[in-house]
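Below: a set of structures, written as structure tokens.
Next come two complexes built around chain A: one with chain B, the other with chain C.
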Partner chain A sequence: MTDLTQSNLTQKEVRERIESRLASRHRKEKIFRGFGIASIAFGILAVVVLFTDIISKGSSAFVQTDIELNVTYDPAVLGIDTVDDESLAWANFDAVIRNALRERFPDVSGRRDKRELYSLVSNGAGFELRERLQQNPELLGKTETLWFNADDDVDTYVKSLSKSEEGFLGRTSEQKAGWIKSLLATGELEKRFNTTFFTNGDSREPEQAGIRAALMGSLFTLLVTLALSFPIGVAAAIYLEEFAPKNRWTDLIEVNINNLAAVPSIVFGLLGLAIFINFFELPRSAPLVGGLVLTLMTLPTIIISSRAALKSVPPSIREAAMGMGASRMQVVLHHVLPLAMPGMLTGAIIGMAQALGETAPLLMIGMVAFIVDVPHGITDPSTVLPVQIFLWADSPERAFVERTSAAIMVLLAVLITMNTCAVWLRKKLERRW
Partner chain B sequence: MTSMTLNAGAPVPAQDKTNSATDLTDKSATESTSVKQQAVKTQEDIAETVGSPFCDEAKLRMRNVNVFYGEAQAIHDVSLDIGRNQVVAMIGPSGCGKSTFLRCLNRMNDTIEGCRVEGDLTLDGEAIYGPKVDVVPLRARVGMVFQKPNPFPKSIYDNVAYGPKIHGIASRRAELDEIVENSLRRAGLWDEVKDRLDKPGTGLSGGQQQRLCIARAIAVSPEVILMDEPCSALDPIATARIEELIHELRENYTIAIVTHSMQQAARVSQRTAYFHLGKLVEVNDTETVFTNPEHDLTEAYITGRFG
Partner chain C sequence: MQTPTLFALLLLLILVAYGTGFSRAIAAARSSGGIRSLASLPSYYGVHTALWCGLPALIILGCWLVFDDAIIRAMVMGSIADKPESIAGQNLLYAQIQNLAAGNLVGNVTPQLQDAAAHLESLRASGRWMQTALILILSIGLGAYAFLRISPEMRAREKVEKVLRIILLACACAAIFTTVGILLSVLFESLRFFQSVPVTEFLFGLHWSPQMALRADQVGSSGAFGAVPLFTGTLLVSAIAMFVAVPVGLMSAIYLAEYAGKKVRSVAKPLLEILAGVPTVVYGFFAALTVAPFIRDLAQSMGLQASSESALAAGLVMGVMIIPFVSSLSDDVINAVPQSLRDGALGLGSTKSETVRKVVIPAALPGIVGGVLLAVSRAIGETMIVVMAAGLAANLTANPLESVTTVTVQIVTLLVGDQEFDSPKTLAAFALGLMLFISTLILNFIALHVVKKYREQYD
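Then we have the complex of A and B:
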């Protein structure tokens, strides 16, 4: 049979040629594997660095320095006789706080020193007192011991003390630092769990600023996005994949969907501004509009991945169902969709994760506004987590640095929770064939 | 080569065209090439079907069927009857159009983009490709078993119950249970699976899966069953089991089977149709086709000279 082989090499020559190249082939494979391991190691290193940085910077935001004060609800100081809504609105709760501070430090005199003293406590303390009196009117004229948020400069100084001996003074004067140290020694100043961070909306004062408004805003926005983009995306994918005729129009639509997936997200923001707000006159800064804009943005992702999932369903299943006399819709609903669902969910989660981290298009529709109140619905003005992070990162107060990192941690936690749910759901729906 | 036809139990006629199996010289090579050339050339020459394509009590009646995939014509002017309670085998080399023809009978070709079917096809006198025909009831009447076993990724029970469910055949659960049991019994699978009806059908062996597919097809009591190479993915034992089953099913159903195995065609069918390059060359009683084929091409194929 040798005469039938086309070259004139003997078997020995062929073997020698193969062996001469063997070493370089193995070397190439080793290098290729090495590159793979190196890139994975680099990725893991980057994630570890990112997480340690964020956690080390942000974890301190979950505690907040509080100050203990003996406050007296003196009707004379408050300037009210009875507790009703009108009188509470006028009552001077700040004076109560100031009196309590002067009582604690009776030696302090002089306007400037006094002002310095008053700034130990957050200027939100008065509001806290008002709420307390509103709920417990019988407290009028009585004295009680309460914990208030300390001012952010105090908080920053106290936290820096644990890192170095003299700590970071910043805007804090030596005198104030002395007061803080004496309060710390008596236990009247204490680091406690920062509930404010999880219950409040944004604030100019770091100690009063919380993530809740942004978190709720993000959740409402995502809810709108998911409720719109998943059904629309899946329906579009099913129609295009299973029912639509393959012609020039459907080709055009397919190309356009692929192109839309690559359009910069801010363009969708401009579109939302022009259409949803200017034309349909929907409310600004609302999760409803944010959700609509993000729906436009995530739709291509969901459609593309859903079509891929539908394509991967073996055609033999379709034929089997069709051969049984199932209608097109029954084929899709009974057989194709259950098999494609895990893949579709993966696409939806990628889209949702994208939407959760999106900032640019939401800036265009006013979700960058300074929102203090926690939104209670999809039409309330609100902001979202990434925008909140952006706003805090931009703020000059030092205490916002740790809050920025803490907000990033919350954002990541939401993302991880969402992905875990999706993975669980996918595992549950996944069926082998 | 001669061993190919042993099942039909006939001597090979036309000795001058057959070389002895031991003679693998250049002469044989050129000869077989010439047969192939002859085969290509004769596409134009297959004037009309020889043998007896028609029968009196026809369940399915096909006249002058032409099938096109876009520009390409896959089936040329085929006319054939499939009699009631008859097994008709369709044989022929790969790409000769036998599967395409089979898929016309329950309009499975509708799903293929650019496929066009011309001609008169009737089931009990009703046009299959009529403008008002709904494919859903048609496919309930003309069931299909595919080349690769393709059970649904559902339980064995649900696989068989699917057809009756979507067509609303069973009104009560007990009735459905009965249909499932009967279908599995008739497919010869009941004893093997009766204790694990809730297990996935995909967990069965290949032969069992194919019998499950047959059970699924007969659960809707079709009149015709189309089988597209149902044993090509199975081992000889599973194949024998399926062939036995086809034999039993013949009492109640009309069966059209496409097969690459000529022994199988000889064993299971009453009539055999030989397709070549999209044309129906010869239809005759199976025995006649395998012992005394009328057409040269049929003979060349069954003696294994090409295909």
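Then we have the complex of A and C:
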């Protein structure tokens, strides 16, 4: 402005100059605003693309193609006379399944064709039969109609049929596709809700792989994390916020906490490997060690949010309690802490959500092993949901892609529930002073 | 007695101690003129007794559990006359003895081994017995001592509060212990690594191929530890990520803070923050299975060569992940700029965008720079996305369409699976971890300092 007023221009000329620039200034304003809108749109687009991609890939994993077979528990085929643990251990249940398949397709002959036919049913069908006979010994010698999981190639083909007329054959031969179509026509092959996915542990066979073991592993790991990080975090926050004298030691602690909050998570994994596993010789792959590592990782988050909650309690509460003769510890434990609790719980839930989604440090301490059994305690070898997702994402079978996406959907659902809880808790219990 | 039973018994003793302390305080008060004659409330006498009864015993029990195995091992190994020289051999021998004692070793069992196993069993049995006796005597004895000292004049509350304060302080120091633990664990292993590989080779070498030869005549496993390709790979991926995250994050923060109405803000902000809550392994899956093939096909349709695991895919997705991080940090500092500065600029006739560009951003710049530095340190330390989407080949390249590897990817590949802690291959991971820790520490330190200094300016 100054250059305009200082020079010898008439008022009219000044106004003309300003007005001539006004259009371009307004255009720039619009462009700037457009950039802002575009950035937000980009962010939201990323959310939408991410979610639709995962859901479109994963939703088909919640159904599984099952096949109906007439199985005969023929003692001669099984090679047993009585039902007891020992005879069941070496009874040939696969032969029962094979017989049932041959009965259904009597005109299949030749070794290769037969092998092709047997691969319609999952390898796990024999185990299912064994369990069923073990629980109902009176079935020996009888015939019944049962549904079994179909093989993952069959499953992939059947699911692709609903998308296009041709379907995706992959490893499935034309002949097998013909059988599948005939079974579909008679209703002996059907897409049903995939319970296996929620009741089984990991498996090399996609149709038998489930997330139960990983879910339980995550649960145990989170329990250890919560049991350690919440009390320690709250205690640390109380000390720093209410008791700590202003000195170098306190400063050092604060700088440390802020720095730890930004240290990459994989470094905590290195710490866990070197100290908990190599030095203290705690068991590998155990939720106990996982929980310890995640405790150290989430502590800064919990301390920082707990301090914020303590800070938001107005000093008048403390002064009133002090005035009634309470000691400082009584002021904190009887008055400040209960009022700050909702905020602390919110912070704890957010910290737990962070811990639940964490993968990298757990890879370091061996939770990446292939573990089939569902863990029963905090020292059993186990894996966690994000690591299970990582493992499945590496598997070459096509059917694992949809299972990975489905596991991601379960993980995201749990995380969204936790975060919604935190928001709800904050809204519900928040007090305005 | 087994440890869990002992623990349960100890808890029971603590409860009993609380109860007796409480009632003794009331009884003592009755003889000297009612509860008002007590120096503290009766429950403090109870807690005081319970603390004496439980705390030392719990600490001793914890130490016992930590050092138990090491001491027994040293005693067993000390009793063996001709033991192998190497650490690995000793480990193997001890594992054999343990298995024999547990009753599941088949194979050639020498009488010497049998003796050692029996020795181990007897040590364990007497150890358990000593543990039980020590803990019970300690807790009952100290509990009784505190119980007998109860009198109306004793200031139980002050004593209890002193102990509580020490416990709180110990919890606050957990952060320091963690930092020290990280430093010690990566430093020691790194020093061992640098004994076999010179520091200069690690920092300036251009060739990375950590496979060590198992036999002398093996081909193709040279074991080269020049980490420069890893550093450049990390920088390339982080640069791509920042190229996405900084403009988008900053612009959306500006729009939300300066332009958006309350309604838009309340919808758009949580939507953007969803991106921050998605686990990194999900981004990795998305990058590897959706973005990377898309980029490969796109590049091929334009006549470019692209690897199926490209730095670009990993960087783009990482950028998307960091957007909410940049945007919420910038949002904070933009909101902290006093309204008077904006009003002044608007009053002089500048448009809104001119106000933002010429007044708000310069005023908020230190905070924004701090936020960006924190975002860079996050990008450097991010693991899962690059593990799943960036690849393993240590290429020294600046072409974003080629596959590169990063420091974090190498740490994961070197440490997942079987490890032996005397090969440079495993130790290299700790040296890389040390580099990662130091570089992110420096970045965080500068960033936090800048942000803090800036915050004070307008407070």
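Criterion: the second predicted complex is superposed on the first by the 375 of 433 C-alpha atoms of A that agree within 3 Å, B and C clash if a C-alpha of one lies under 4 Å from a C-alpha of the other, contacts with A are read in each partner's own complex, and residues count from 1 in each chain.
Rule of thumb we're sticking to: contacts are C-beta pairs under 8 Å (C-beta built on N, C-alpha and C of every residue); 3 or more make two chains touch, one makes a residue touch a chain.
The structure presented is a predicted model; accordingly, all values stated were derived computationally and were not measured.
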item	value
Partner chain(s) touched by A:363 [first = chain B, second = chain C, both, neither]	second
Contacts of A:238 with chain B and chain C, given as first, second, both or neither	second
Which superposed partner A:422 touches (first chain B, second chain C, both, neither)	neither
First, second, both or neither for A:215, with chain B first and chain C second	neither
Contacts of A:246 with chain B and chain C, given as first, second, both or neither	first
Winner by number of chain A residues touched, once chain B and chain C are compared	C
Chain B versus chain C as contact partner of A:335, first or second or both or neither	first
First (chain B), second (chain C), both or neither touched by A:324	first
Shared contact residues on chain A - chain B and chain C	327
Contacting residues of chain C [partner chain A, same complex]	66, 69, 157, 161, 164-165, 167-169, 171-176, 178-179, 181-182, 184-186, 188-189, 247-252, 254-256, 259, 268, 271-272, 274-275, 277-286, 288-290, 320, 323-324, 327, 348, 351-354, 356-357, 374, 377-378, 380-384, 387-388, 408, 411-412, 415-416, 421, 429-430, 433, 436-437, 440-441, 444-445, 447-448
Residue ranges of chain A touching chain B (in the complex, touch as defined)	245-246, 314, 316-327, 330, 334-335, 339, 431-433
Complex interface listing, chain A residues touching chain C	1, 25-26, 28-29, 32-33, 35-40, 42-44, 46-47, 50, 53-54, 57, 231-233, 235-236, 238-240, 243-244, 252-253, 255-260, 262-271, 273-275, 278, 280-281, 296, 299-300, 303, 327-329, 353, 356-360, 363-364, 368, 386-387, 389-390, 393, 401, 404-405, 408, 411-412, 415-416, 419
Chain A partner contacts - residues on chain B that touch it in the complex	106, 108, 111, 113, 135-140, 143-144, 146, 148, 150-153, 162-163, 166-167, 200, 202, 213, 216-217, 220
